[in-house]
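Shared between the two complexes below is chain A, which has chain B as its partner in the first and chain C in the second.
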Partner chain A sequence: MTAPVSPSVAPLRAEFGAAVERHLISCGDTIIYVSRERSHDALAWLKDTPGQEFDYLTDVTAVDYRDPERPLEVVYQLRSLARRADLRVKVALDKRRPLEVRSVWDLWKGADWLEREVYDMFGVTFAGHPDLRRILMWDTYAEGFPLRKDFPLRGHFSRAEQTRQALAANPEAHYSLEELSIADAFAELPKDMQERLARGERGFLR
Partner chain B sequence: MGLINPAAASEAGERTVVSEASPNFVTTTLDFLTNWARSNSLWPMPFGTACCAIEYMATAASRFDIARFGMERQSFSPRQADVFICAGRVPFKLAPVLRRIWDQMPQPKWCISMGACASTGNVFDNYTIVQGIDTLMPVDVYVPGCPPRPEGLIYGITLLQKKIRGESIVDEQLRQEQLVGPSGLFLPPERVDELSEPFGNSVHQTRSSS
Partner chain C sequence: MSLRTVEMALATPGADREGRPIRVPLGVAEPAGGHYDEDFGAEHMLVNIGPQHPATHGVLRLVVELEGETVKRVIPHVGYLHTGFEKLGEYRFYNQIIPLTDRTDYLAPMANNVGLALAVEKLMGIEVTERCRVLRVIACELSRIISHLVWLGTTGIDLGAFTPFLWSFQERERVYNLQEAWTGARLTPSVTRVGGMMADIPEGWEAGLREFIQTFPKTLREVDTMFTRNSIWIGRTQGVGVLTREEAINYSLSGPMLRASGVDYDVRKDRPYLGYDEYDFDVPVGEHGDIYDRYRIRLEEMTQSTRILEQALAKLRPGPINVDDPRVILPPKHRAMSDMEAMIYHFKQVMEGVKPPAGEAYFGIENPKGELGYYFVSDGTAKPVRWRIRPPAFINLSSLPKMCEGALLSDVIAINASVDIVMGEVDR
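After this line comes the complex of A and B, so read on.
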């Protein structure tokens, strides 16, 4: 049984022409490759066009293949909550050039930590991201990007050096409670949540 | 756990004597008395980082009940704790936290490394896991298993109690802090490398693919 191609492919091709490099079906899911230059436009189009409405960004991740010739792929998994449709969009990045793609943080705020994770693990920079720092490894981590295929499993440094650097780290210098505090985000919360928080249901906020 | 219980008395050897004139008098050694008190009222500082912590919780709960060994008070503050129990794998990112908690505990203190991860890094011989917490702090008892059953941990705890009963309060070395030195480690770097050496199947992993 061959799964049907996502109905988003044809209109996307009509709109972006050659920027849609190819599409394929894998395990029933449609995967669309778009060019690096137009990726942000294509994703914005998929999000905002009536009939597409991919309003939810499920995940951003990346794949590095063992073959050094093969490009590194940044993967966007989209979901339209209203239409109950999924779509996978990939952007292939040539490994001989700087790994850079435009951030989609301005389209989906949830991309913030997802893109930080891709940056942390693969070293892909997202232009336009408001706060592109490491997120899983600590800020001063100096061994590189662990999920790249050319990264040795045990890391580059000796165990003693890794232990020394880890012990020298000051966790409080990079991760403050304020960073995780929703007090800062109070103004941006939905109204009903603001009311509940102001009543003190979850502790004292303000 | 009375002093005149024959088992305890024999542990203290000939030196514990119940007065013949009155049972209210006992003479014994200070070491025996101190160790008896210390070993039977250990306050654990549980540091559960992964799946082993689930087994630790079972050990602390009613069925296995480590309160029977004088450990009814789980100390979630390192400053009021005697035994550091690391239950689970420790990533390098957590290493400074672990070390700081250990440093915050006052003497006398002991450390139990619970499970294969805390003791050796287990199968996680990779860039992110500390290859045994003995590269970060001194460890008294290693409990093997993935995870160890509560019985295993209890055995480890009784081993620690046994060890404590063999200590002497005049031996100052026992209570000396082993701080992180100028090298940034508490052991010589070669020792850390040696402790972190791969073993078993893990020897066959590629050290580098580049």
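After this line comes the complex of A and C, so read on.
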């Protein structure tokens, strides 16, 4: 059983040339690989071009393969609600270089939490995302990125260390910097948090 | 706010002659001098709701920035129930992942099981038997009913109506009894397997389901009487938490949330699976995108689910529930004990697990909360390289800050309830 290639592949190749690296079909779904540099342009083109109209972002996720040489892939599941068509776009990220790709938050607001989750779980940074913080793990989580293949199932730290850190957690640190800036509570912050803030570790203070 | 299409005149106090709810203006009365004290209300207030709060439906935490009683900003914090299901799935055989799916959206576990089995079957190119398809439709629709019942009851409580909660939980209990009779478990049924079902329905079960289908609509009518034309309910829900059609699409909403905003997309209709195209049912679509429309849609979906269940019972014919494929289904015990080949298959499956070919597949189903998608990447071994859950509740919840902008603090509770979140799925 060979499924047809998505009709979006040929126009995308015509528009972006070599930036469309390859395409393949798996279980009937077409998968297009685009280069990291042009990924945002290609996704914006797919969203806005008449005849494509992929106006709905079903999902953003990433895949880290068991082969450590293989690049990490950021996966976008696109859908055109009008045409009832799906398309999967992938961006391969070389692990020897910084894992960074341009955010699609400006195209789809639904990408907000999805990209935060990919950042949280895989350590991929999305340039242009307005609020790239951890989302499922807590802000001070220091063990790394859980869904990477080099992350052990039980975490990097020992059970004793994990318990110690949990018990020593500072309840003040459960507010994001943005929230603390609303309440003008910088002076009341615990010292370690003030220092982290001064180093500009995350967020910004208005 | 435009005039609503509520059919009957509102008899309850708080509505004008044309049937529109009378809104009591909220806020501080203007002082006699005509201007406020300069300092009054200038300072923004930070209110923390949750994670331990009955109205957050689980361990959700909302930090709300208020100006007076008006919400300037809501910053949700999730992850308190994070279990790492996706990571756990990478260390398990495909059939061993099914119990994990019970625990994500634990208000509709059977539908999750079905979604997972369908995703793996797509990866392997397996077509399940006719009886299995009908049983799975029954599982999905029962899940839709119990999930919407929990939503209805808890949302009623959030808005001050206690009685419908008791009605809906009573009905839910009857579905749980059916679920228990079928699978032996109430909350975590794990009812599917790759290529089939864990068990067929027991004798007499169909009669139980038929009785439920016949009596359940009465409760729905009672809820309808209680809520649909109730001016308190209308005043709290109409025009609150509005998302336009464009916003709903842009925020990737799915399920009743998307349809309440007027987008006619239902996976069962637009990408039929399990033979849903052979069933006769309607998909309710809203037009205002507010809490009231979400309520109407969920109420109507329950009625439609009973219609589907009725048709499924009529379609249910005797036959095998599992595919005849030794790669995925264990041979019957008596054959495994007497036949060499069957024993080898049995051994290989138990020890090595189901092995899909290398490749990847995404399969989305219409869950009560929205589109639940499972995305598998396989490298040909018995454990997935990547198991991704597309969590409808998580994505729907991400629109909460947008919906709460400019609302009142009490509306935050109503809006949050209308999303129908389940934290097991949001945090996974």
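Assume the second predicted complex is superposed on the first by the 169 of 206 C-alpha atoms of A that agree within 3 Å, B and C clash if a C-alpha of one lies under 4 Å from a C-alpha of the other, contacts with A are read in each partner's own complex, and residues count from 1 in each chain.
The working rule: a contact is a pair of C-beta atoms (placed from the backbone, for glycine too) under 8 Å apart; a residue touches a chain by one contact, two chains touch by 3 or more.
The structure displayed is predicted, hence computed values, not measured ones.
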| item | value |
| --- | --- |
| Superposed partners chain B and chain C on chain A - clash or fit | fit |
| More chain A residues in contact [chain B versus chain C] | C |
| First (chain B), second (chain C), both or neither touched by A:114 | second |
| Partner chain in contact with A:26 - chain B first, chain C second, else both or neither | second |
| Which superposed partner A:137 touches (first chain B, second chain C, both, neither) | both |
| First, second, both or neither for A:153, with chain B first and chain C second | both |
| Which of chain B and chain C A:63 touches, first, second, both or neither | second |
| First, second, both or neither for A:168, with chain B first and chain C second | first |
| Smallest separation in angstrom, by C-alpha atoms, between chain B and chain C in the superposition | 5 |
| Shared chain A contacts, counted only where both chain B and chain C touch the same residue | 137-138, 146, 151, 153 |
| Touching residues on chain B, where the partner in the complex is chain A | 92-93, 95-97, 99, 125-128, 130-131, 135-136, 180, 183-185, 189-190, 192-193, 195-196, 205-210 |
| Chain B-facing residues of chain A, complex | 137-138, 143, 146, 149-155, 158-171 |
| Interfacial residue positions of chain A with respect to chain C in the complex | 1, 26-29, 31, 55-59, 61, 63-66, 75, 77, 81, 84, 86, 88, 108-114, 117, 121, 134-138, 146-147, 151, 153, 174-176, 178-179, 182-183 |
| Of chain C, residues touching chain A in the complex | 44, 46, 63, 65, 73, 75, 77-79, 82, 84, 86-88, 91, 122-123, 125, 247, 249-253, 263, 265, 270-271, 359-362, 364, 371, 373, 375, 377, 379, 385-386, 388, 390, 394-395, 397-399, 402, 427-428 |
